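Some structures are shown below for you to check.
The two complexes that follow have chain A in common; it is paired with chain B in the first and with chain C in the second.
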Partner chain A sequence: MIVANYVAAGILFCIGLLTVLTRRNLIKIVLGLSLMEASTYLLMVSMAYRRHSTAPVLTSPPDGKSFADLVHGDVADPVLQNFCLTAIVIGVAVTAVFLSAAVRVAQHYRSVDADDMTALTG
Partner chain B sequence: MSDRAAIEHAKQEPRAEDDLHRPVIGFALAGAVLAVLVIGVVDLPRAAAALPFIARHAMEIALPKWGQNEVVSEIVYGSRGWDTFGETFLLLAAVVSVVTLTRSPEPRTEYVGESMAGRQEQQEVDPKGDGSGGEQQEARQAEENEEDDASDLAPNSDNVPLGTPGPERAAGMSVVVRVGARIAAVPIAVAACYLWLWGYTPGGGFPAGAAIMGVAIVMYTAFGHRAVRPAVRPAIVEPIELLGAMAIIAIGLFGLLFKDSMFANYLTLAVPGTIRAGGTNQLYSGSEFIEVATGLTIAIFSLLGMKHDWAPDEDGDDSEEDGSGSSEDRSSDGDGSGDAS
Partner chain C sequence: MSAAATLLPLAVVIPIGGAVISPLIARLHRTLPLIVGMIAMTGSVLVLIPPAGQVYSGSGHVVVHFFSAEHPVHGKLLGIAFAADPFGMMFALLAAGLGGLLLLSLLSEFGGLGEREIGGLACLVQLLLAALIGAALTADTVNLFVWFEVAALASYGLAGFFLERPIALEAAFKILVLTSIAGFAVFVGAGLLYSKQGALSFAQLHNSLLGGDSRVDLVALALLIAGFGTKAGIAPFHGWLPDAHTPVPGGISALFSGLMVDLGIVAIARLTLQVYGAGSGHAMLGLVTGLGITSALLGAIMALAQDDLKRLLAWDTVSQMGLLLTGFGSGTEEGVGGAAFQLVSHGLFKALLFLCAGSVVHSTGLTKLSEIGGLARRRPVVTAAFTVGALSISGVPGFSGYASLSLIHAGLEDQPVIHALALIAQVITVAALARATWLGFYRRREEEYEQLERTPIGMRVALFVVGAACIVFGIFPSEFVDRVVGPAASILLDPSGYSHAVLAGSGTVPVSTLVFDYGKASDLITTAIEIAIGLLVAVIYLRIREPRPVTWLRRLHTGSVNDYAAYLAGGIALAAGILLGG
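Right after this comes the complex of A and B.
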């Protein structure tokens, strides 16, 4: 039931979105964005899964399988695993940017409440 | 309207928490997005679906074209080498953003004569030029005291005897955590280096870089900033990161020069499963290790090391609002903080 993973990823994404939309605390907004980001990791890893498959490594095929079995697709999807791998690293750096901006805003306004950020209000 | 006055004005207006419009709109939008996502994901490939063409293509060329067993690494540094290049410089852009956001205010230069005017004013306030002029000296002294606070309390967290009554004065954590960190750091570092140099040949520079940065985080958590400061100084880490970025560019350009394609392999392929397997992918992986490890280290320690550049009071009469912590912060901020404006 890999569809359950897909739906769980969708629900996680929407919980993060709901946090971003309904919370005014900047730290909670960053947490919501991180949750949305993490939901995509779950989605990609779930999409890479194949039943009765093995890792996409062309060494020592398991019993009953040959290199031809591996090369011809009896493995998890390596492209999506690659997407997930790089997305995690980029996500850490982007979260650091969000948090740095939140700290600077807090120092400038002495508040982490987004409703207090009124400098651009006409 | 000044920022402070604008905040006060905003606080007098009806707040969102007083009504339900924000949760209602939030739930409605999130529910709509969830409905769209559920409709979309039911058509995604299931566990029994065949691999997409690009994945099968990567499986087929990994051994003959790149001489490597690890297909994910082949995709990261080979089939998607150009994309990885873009992602790497996205990481670099994020690091530059963090460094820019977190650095302390810089003195103004001679752009419109402000520096000259500042010198005249400084001459009036501090004729001797030795910083003995009142408030500025106090602010400077307070900042120095704050920076040296940890060292004054506990020069070395290991010197704090067991059973010392609270409050905890050590910059690091308890002896249990410190010993645990020492034990854990070694295998994490060895595993990261193994993954970097070997892995399934070639190694995985991306995860290895994140793992070695984890060692620095573990040591920081257990021992405090002073223990890792020598290893994470910007003067050391930033040049190394730029060297990693330049190496990645060079590897790509040599591919263009020798094989008419960015990041094409121009080295002789070694036997799969050996340390030189993968041709230029091993070099790319090593450079990526340097880039990721130093980039994440700079980003995280810049964030952790942000100074207390709080905006100065406009009216100076709200000290009771912020408590003692904020008043300490303000005392160390005598020169204001125009960086955030």
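Right after this comes the complex of A and C.
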């Protein structure tokens, strides 16, 4: 765990959220969501880190480490890193859908302002 | 591990296979996606039957399949596992069966579309259903997150699929923004829980949480409840739900309301009752009940005030999901069993109502209650089906809602305030549905419709089967309570039993004492009074101008995606505050 990274992740998340809550431009909303997403990756990878640990590759130990060190858990947590990779893949797909929706909105409404899209209320 | 357990993954794999094949085979002939979809969903139901036979034999069993044969070692389970318990199996069967019918109805309604469109539609629907079945059967948090995201991606596609009405784009953008934020919440929640407890599977998490919940665990729980609450359309996370249901065709609304939102409810029920455990004594059940009853009231009031038929039904979904959460939050066997039963009843009657609404929109081209009317004479079958749905939702004896509502209300008897609020929500729901049925169907309409198209045959089949199911569940609820709902409630309320069973690879569910008595006089009287007051409220509401508080509530729903995201973020902060403070 790295405290500075947690703080950075928290700040990035808040900047992203602030963008989503205050900006009306759809592209900026998408950017804000991407920023929030990136901050969650930073959080996950930082939680996976352990002091003086190496990458979770268990086949050939790096110099100065024996195989026993790796087996006894002197590696970063691979589960959280896996979790993170899964989320990155999903995130790419979602961003693609997001941007195609924004393009469609721009074609239909000739605007990317969220306030022009408030026909559904109440 | 039994042979039947090895069939569990197939229940998800077959619809995903169908989803891949449908768009490819659509190029050959446009009816082929329908055939592939029906084969896939029938196949999914069929492979669920042998494990379901084991799950519901005797007092109930838990059947577990470990992927890649990664069995638990010393009580630790990191591999992916599917654990079919009576609760999850019930929802998986509902999703596969009802989902297949809705697919039939949708593809026959849109049989005239181009090959690419019909292939894409079949693909998205099957993907959504596969995700729902997976979420019902899964036994770990990361896998649950993945199914959540698969369902979310499919729902984005479905919400924005039909662009004849540009508001579909608006709805799609709102569902994208809110569900994405919900996805982050679920992701971070699951990650925090793992890094604190070192466990992914529900069973192992429960065992390690027995030592007491730290602040990190509570923040994780708040994030998970908020994330899945967004999927379920629980207030204040509900901004996307009414909007997403308004512009899409009836079949897709039925899919969203009848099945997809339940994913969130199933996940919250599992996380609160089976992972954190009802006995853990913190503010969790209070939070769930509070969110539930707020949604139940808000949804019912907003439904009463709507003019758009499908939007009205969507608001009623918010209300019903709230009622479900209230039932699960009660932590009593009646409440939890009633909520599990209502999950099935709601899936059936809401699908029926949305199919009727879709059929009305399809044949008249009108969506507003003030513009339609007099359909009882012109469309008797659809009117009968809608009436069955409205009677079920109102909890009239003989229809599917009666037993589940009576059980939920019985489970709330220890909490008089919540019970009273639930009764009020039910009265307003009766009023909202009575108003909609009167205005849309039974009111006289002198002028003829400009267009009145026939209802496609697949849609009529779906209407008939789902309507019949509503009546069957209404007439024979005791059997269903004994065999399915009772075991589902007892496994939800026995977290240590569940975790033992999953880690051991199989296990038996404790014997349930839940019974449903059809002739209980107090239930019948309460229902009669509720319906009488509900009808009175409907008559009064038809004659007066919109009351001020209702206008204020409507103004809160500005339609701006920024505002809805703000409600969601505020809701997450509130949930975390309540859990940490309690």
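The working rule: the second predicted complex is superposed on the first by the 116 of 122 C-alpha atoms of A that agree within 3 Å, B and C clash if a C-alpha of one lies under 4 Å from a C-alpha of the other, contacts with A are read in each partner's own complex, and residues count from 1 in each chain.
One rule holds for everything that comes next: a contact is a pair of C-beta atoms (placed from the backbone, for glycine too) under 8 Å apart; a residue touches a chain by one contact, two chains touch by 3 or more.
Just so we're clear, the structure is a prediction, and the values are computed from it rather than from any experiment.
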item	value
Dominant contact partner of chain A by residue count, chain C or chain B	B
Which of chain B and chain C A:Leu35 touches, first, second, both or neither	neither
First, second, both or neither for A:Leu12, with chain B first and chain C second	neither
First (chain B), second (chain C), both or neither touched by A:Met44	second
Partner chain in contact with A:Pro56 - chain B first, chain C second, else both or neither	first
Touched partner set for A:Asp77, first chain B, second chain C, both or neither	both
Partner chain in contact with A:Ala101 - chain B first, chain C second, else both or neither	both
Partner chain(s) touched by A:Leu26 [first = chain B, second = chain C, both, neither]	second
Which superposed partner A:Ser111 touches (first chain B, second chain C, both, neither)	first
Contact residues common to both interfaces of chain A (with chain B and with chain C)	17, 21-22, 24, 43, 47, 77, 79-80, 86, 90, 93-94, 97, 101, 104-105, 108-109, 115, 118-119, 121
Chain A-facing residues of chain B, complex	3, 6-7, 9-11, 15-16, 22-23, 25-27, 29-31, 33-34, 37-38, 41-42, 44-52, 54-56, 58-60, 62-63, 69-72, 74-76, 80, 84, 87, 90-91, 94-95, 97-98, 101-102, 200, 204, 206-207, 209-210, 272-273, 292, 295-296, 299-300, 302-303, 306, 308-311, 322, 326, 337, 339-341
Parts of chain A lying in touch with chain B, wherever the complex brings them together	2-3, 6-7, 9-11, 13-15, 17-18, 21-22, 24, 43, 47, 49-51, 56-59, 70-73, 75, 77-82, 85-86, 88-90, 92-94, 96-97, 99-101, 103-105, 107-111, 115-116, 118-119, 121
Interface residues, chain C side, partner chain A - complex	78, 142, 145-146, 149, 152-153, 156-157, 160, 163, 166-167, 169-174, 176-177, 180-181, 183-184, 187-188, 190-192, 194-195, 200, 242-243, 246-247, 302, 305-306, 554-555, 557-562, 565-566, 569
In the complex with chain C, residue positions of chain A that touch it	17, 20-24, 26, 29, 33, 36-37, 40, 43-44, 47-48, 77, 79-80, 83, 86-87, 90, 93-94, 97-98, 101-102, 104-105, 108-109, 114-115, 117-122
